Amino acid sequence: MNRQVAVIGAGITGMTAAGALSELGIDVILLEKEEHTGGHVKNWDRLFPSRRPAKEVLDFTGKSMATGVDIRCGSAVESIGHNKGIFTIRPVKGEPVNAMSVVLATGYDLFDARKKEEYGYGIYDNVITSAELETIFSEGKKLTTHQGTTPQRIGIIHCVGSRDEKVGNLYCSKVCCVTGVKQAIEIREMLPGCEVFSFYMDLRMYDRNFEELYFEAQQKWGVSFIRGRLSECAENPDHSLVLKTEDTLTGRPLKMTVDMMILLVGFVPSPETVRIARMLGLSSGPDGFLLPADEHFHDNTTTIPGLFLAGAVKGPACIVNSMADARATAMQVKSYLNGEMLK
Amino acid sequence: MAKNFGYKILPGESIDFDRNDKLIARYLVEHEPSINLCIGCGSCTATCSTGHFTDFNIRRMHTFILRGETKHIKKEIQKCMFCGKCQLVCPRGVNLRNVILTINRAIEHLG
Amino acid sequence: MKIEGKRSIWKDYQKEIATDRFFYVRSCVRQNFFPGSEKTFLRIMKDVLHKDVFENAAHTTCSGIGYHSDVVPFETAMTMVARQFSIMTESGYENFTTSCITSFGLYSEILETWHHFPEVEERVRQHLLNATGRTFLKPANLSHASDVFFKFRREIAENSTYRLVNRHTGQPLQVVEHIGCHYSKMFPSKGVGGAEYPYVLAGMIEDWGGEVIDYPERRHCCGFGFRQYLVQANRGYSLACSKKKFDSMAPYKPDFILTNCPGCPMFLDRWQYALSEMEGITYGANGLGIPVLTYEELAGMLLGYDPWDIGLQVHQVPVEPLLDKIGIPYDSRRKFLTMDGQLMGQPEPPSHLKFYQHE
Amino acid sequence: MINFNLFVLPFFLGLIYVVIAIGKSWYRWVRKLPAIDKVRFISGIRSPGQIFGALKEVFLEGLIHRRMWKQNPLLGYMHMSFALGWFLLIVFGNIESRFYSGTHLNAPYYPIFLKFFIHDRLVIFFEVFSVPGIFRFLMDFLLLFVLSGLVLALIKRQKSNWFGMKRTTAFQLTDIVSLGSLWLIFPMRLLAESYTAGYYGSGGGFLTQPLGNLLVWIVPFRDDFVAYGLWWGYSLVLGIFFITLPYSRYMHIPTEILLIFFRHFGIQPGKWYSSFSDVEVQACSRCGVCIDVCQLNEAGIHDSQAVYFIRGVRDKYVPEEISRKCLVCGRCQEACPVGISTDSLRLIKRRELVSGQASDFSYLAPRPGAASRFDEPPRQGEVAYFAGCMSHLTPSIIRAMKGIMEHAGVSFTHLDADKSICCGRPLKLAGKDRQANELIEFNKKLIRLTGAKTLVTSCPICYRVFREEYNIPIRIQHHTQFILDLVKTGKISFEGDYKKVAYHDPCDLGRGSGVYEAPRDLIGHFAISVPVSQEANKALCCGGSLGMFEASQGQRNTMTAGVLNILLQAQPDVLATACPLCKKTLEKQSPVAVKDIAELVYESLPKTVCCSVSGQSHPAKSYEDELISV
């Protein structure tokens, strides 16, 4: 099977790239290892900072692919290679694909919170991740403790798996801060009687309207922010949790009981990204994410002509940035196919 | 009879949030909700007229109050001269003079 | 609490433990604190597990206690340890087993240092050679004595007369396990089960019929902490640490505390007395305190050794209620008698902490 | 001739009642005055000059309503028609009645119901030029005058915005009864007099006679019982008004008279609630003028304006935050037709609220043995310069002042170059006078030690408290006054282009200290002053006031935006003010530059000078070099 372009990974980046390419009149195939497109975004309820339903974004992107994109789900890449400008991809099912160009959009995985043992994820009943909280939100369920009671106090823990030498991740995952603030607001909205405490090191409200959301969380929703990384957590006989941190703004250790704890898990390179990069001999940074040819001038291309990187394969990125990056990649691919690629 | 072995059980340094009495904190938040907006930048403390003479730290003090640690605040808060510079530099618009006045009132009414 | 979560973490912290031919080094302080423990270890290793355990009289302190009290420099400590290794080499053994947790921590720290900085190892070898003319091989396997019992916990269970079950109710006993700080907090991979949820004692408790209590302050230091205790002015801090732990575990109503470190059983046991005398605070049912045992004492008890032979009479908190719960017989009259039948002396009754009166 | 009829009783008894009630109140208030004020009162009533002054003001304010006229001519006329009209009706009624009774001593009701008692005396309608005729004309004219006010009052009730009033106060039951009876008095009088004149065919004036004739023609039966009933009605509404008056808002009328006397006798509001405060509170007419001038309206605050606050004090219940929810800008006080010291009343309440709170400024005290600022030998500077806490956040003002003084060759000591002890006014605004006095004592010591002859400050907040509370034998000037003196004595001159400048009056400098002209004169020397629609004593507060405790930053911002709208109407090139706090507050939102006058002066100095002066190199050594080491 011959195609002009193969996009690997049908998360929001891959979908946007494929849609943009087909709108440019390019023959494109989209390969996805799972049974559905949508990647991480389909597990999310609402998006920061506007709290637009994630479904809207997926529907919009899905429409852009409605005609002209050959979508193959359940087609994890078994092998990939290139020879004389032609890429050959063998999916686990279906016939091999030959393409002139490949867009790698295999994205990221969420940090496995079990690795942060002292937080007790997977051990204590009432420790959940931000992703699990989104699932609760998107299923429209009421947030309760594992024991079925309404939580009276919830702790939101920032930087789980990020900015932490102890788990080997020195980088910042960028989107967790604002996700935490958004989720704090949503908890307060759902359970007005429940106190919410956010434990943070810094609040990196880097993008438009993020700081305003933080302000709203403080002013309108009364979310309390305590500056201090959670050092350890333990379970009480009633299954509530004891948190220990330093309240760095008073310079004193602080102990607090919460009924539930939400871990804001960060980004790690997805195993697919690592595997495919290894097959192609792509280089990655110390953080494990892939390196583009140049951080400023060729940030979608690689050392292999015709192979492009888009979205979170290059490091933590929010949906807006991933989509913009995907569209930029599509333009670069078009230039490449036209033989106009900038040197 | 308590025996004396030459040492005493040291009180913990840690803030026990659950056990602390947060009456004053609640009073403060209710009467001057702008306190919630603090981001701990310390501008108020850096510019403080009283802070030029002592180690008066209004940023830390109201944080302590919100955590229910009020014992040492009661005396300390009396050093404020109310000049209002803190309020003028606060990047978040915290109504600091009223924060301090409210803490004074809370201490007066609630002990 | 999801036990599967812990099990998956334990899987990540498997540790290589030698199976025989142990070069055993004693602790400086344990023989004063709980003199029966090391003896019981050797007895079980020989009589029950039939292992080759060798001791060398030339063994000295590892200097860990001085190192952690800031009076012995690391360089000195390394040379001391190099000497112990040379004695092991000289004795023809290569599996090094320590009785003391701090020793274990220090050995681990030094081997790790040498691994990353071979030039340091070279320097230490040179120092040792210059000072004593000795050379050494590094141990093939380093374990703490509790690792060894963990390894053979099932064999010990098979040979045991008793299990950690309340004979009146048939329910498993509720046990607090307390791991010495220097066991795995520095190098989680060197301890069975890692540092967060160490499995070394928990595994024994499970296999010997009891249930482990997971309480909020389980990670906290027992209160010994070397400088905290050694400097009298700091002792209040030591006491405060222990109190914090007792306050935290009390709601779970533990039947006893199991430890694997020289200092921990000492301080968890004696500070209960100090707290009762100073503040009138007692823990455990009926003001009798919470018994604190070493893993060797526990193994000995379950194997049916006479409680007074394994040194349970030197505990400040009476162990009789626990023995009664399990159904281990003992002769109250023999409690304070020496091996040759002399009265060894008897402590004054505490003011608040109750002495156990056998019904 | 018996000039008595049963129907006069309601009026007569009501009159006796109200006179006793007012007398009793007056007596109580005078008796409860603080001792010092009592002395002032007694010496006042012995002083014809003060009595005359008071009477003049009673006439001007109580009858003419001069202040009200200035504030709102329509309201002024309405109030004047009632007060002056009624007063003249009584005066002329009395004189008129003497012609008929022939005696100077008539029963009080006689002049009031004169037309009833003299209805049988033939007076020819067109006899205009006789004395009774003139009176008849005059009395009808005055009645018409009063009634015109009544019509306005009725309209105002329905359409208060026609009177330029956005908000007004709500009535209580006694107010409604009292007001109803008040409004009925003059229509009843008109009807009674008219019908009587119509029934008897004579005795009426140009208004009452034709109206009477018409009434008699309309009413189907001819009976003097109708006239009699109307006189009863007239007497009754008068009586009701008098009896309800002491319990209604209209008690403010007699109270205001006493207040005017108090003021003329030199009695002033004190630090604590006194009999004088009580008189002020009762003298409030609830007219609501203070509501409309209050800037808090813009911020959506509608519950703490002076009239509401005073109502709270009167009802002995003021929610705590109401007393702190005020800019203390003085605009309401300036606008109040009664001249009630609204800010003082507010501060009295604040003092009461914080009286149980302690302060600890022991850290400012010199420690025994330690070298401290208090051991310094006196400096030689002729001027002691106190920039003020807020000026530390506007270093350009301090730089300008230093540059100006250097340029003018003034030797000065900079009192708060590094650290400053607050002047005390912010504490006073919080009600903490006792604590403020401690700071004042520290600062007085420092000022005295400089040996300076003049104390100059850049902060109007400091300036006000220096003048009002410091009591030091030294000239105290705001820097605008000081610089103006330098200009007048030729020590500085200006060059450069003339800008259009709009000047914003700081509350504490303008209304607070009466300094309106110095800044304007000064601006006139180097720039063109553009008019501002609300300026001088009507100037708006910038919104940053330290007097305000309960407003959010958003609310403050709204008020600031409102001020800027007014200030920028004439499209100035630059906004000038004379207060660091105003500058900081306005600057935040202003599209044009906001500068202190000192900065403008500094920029307008001859260029060579301006550039050679640096903030750091002034000759006077910093006075704050030696600090108390803590």
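In this document, chain identifiers A, B, C and D correspond to the written order of the chains, with residue numbering beginning at 1 in each.
In the analysis below, contacts are C-beta pairs under 8 Å (C-beta built on N, C-alpha and C of every residue); 3 or more make two chains touch, one makes a residue touch a chain.
Computed from a predicted model, the values in this text were never measured in an experiment.
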Contacts common to chain A and chain D (chain labels): B
A-C or B-D, whichever has more C-beta pairs in contact: B-D
Most central chain, Cα average position: B
Chain located farthest away, centre of chain D as origin (C-alpha): C
Separation of mean Cα positions, chain D and chain C [Å, integer]: 84
Averaged-CA centre spacing for the pair chain C and chain A, given as whole angstrom: 46
Averaged-CA centre spacing for the pair chain B and chain A, given as whole angstrom: 39
Multi-chain contact residues (two or more partners), chain B: 34
Chains grouped in pairs wherever the two touch, ordered by label: A-B, A-C, B-C, B-D
Chain A-facing residues of chain B, complex: 13-18, 29, 33-34, 36-37, 39-40, 59-60, 63-64, 66-67, 69, 92
Contacting residues of chain A [partner chain B, same complex]: 203, 215, 218-219, 222, 224-225, 227, 244, 247, 249-257
Residues of chain B touching chain C in the complex: 1-12
Contact set on chain C toward chain B in their complex: 232-237, 239-240, 243-244, 274-275, 277-280, 351
Chain D residues touching chain B - in the complex, by the definition given at the top: 320-321, 324, 353-354, 356-361, 363-364, 389-390, 392-393, 418-422, 426-427, 429-430, 432, 439, 544, 546, 549-554, 581, 584, 627-628, 630
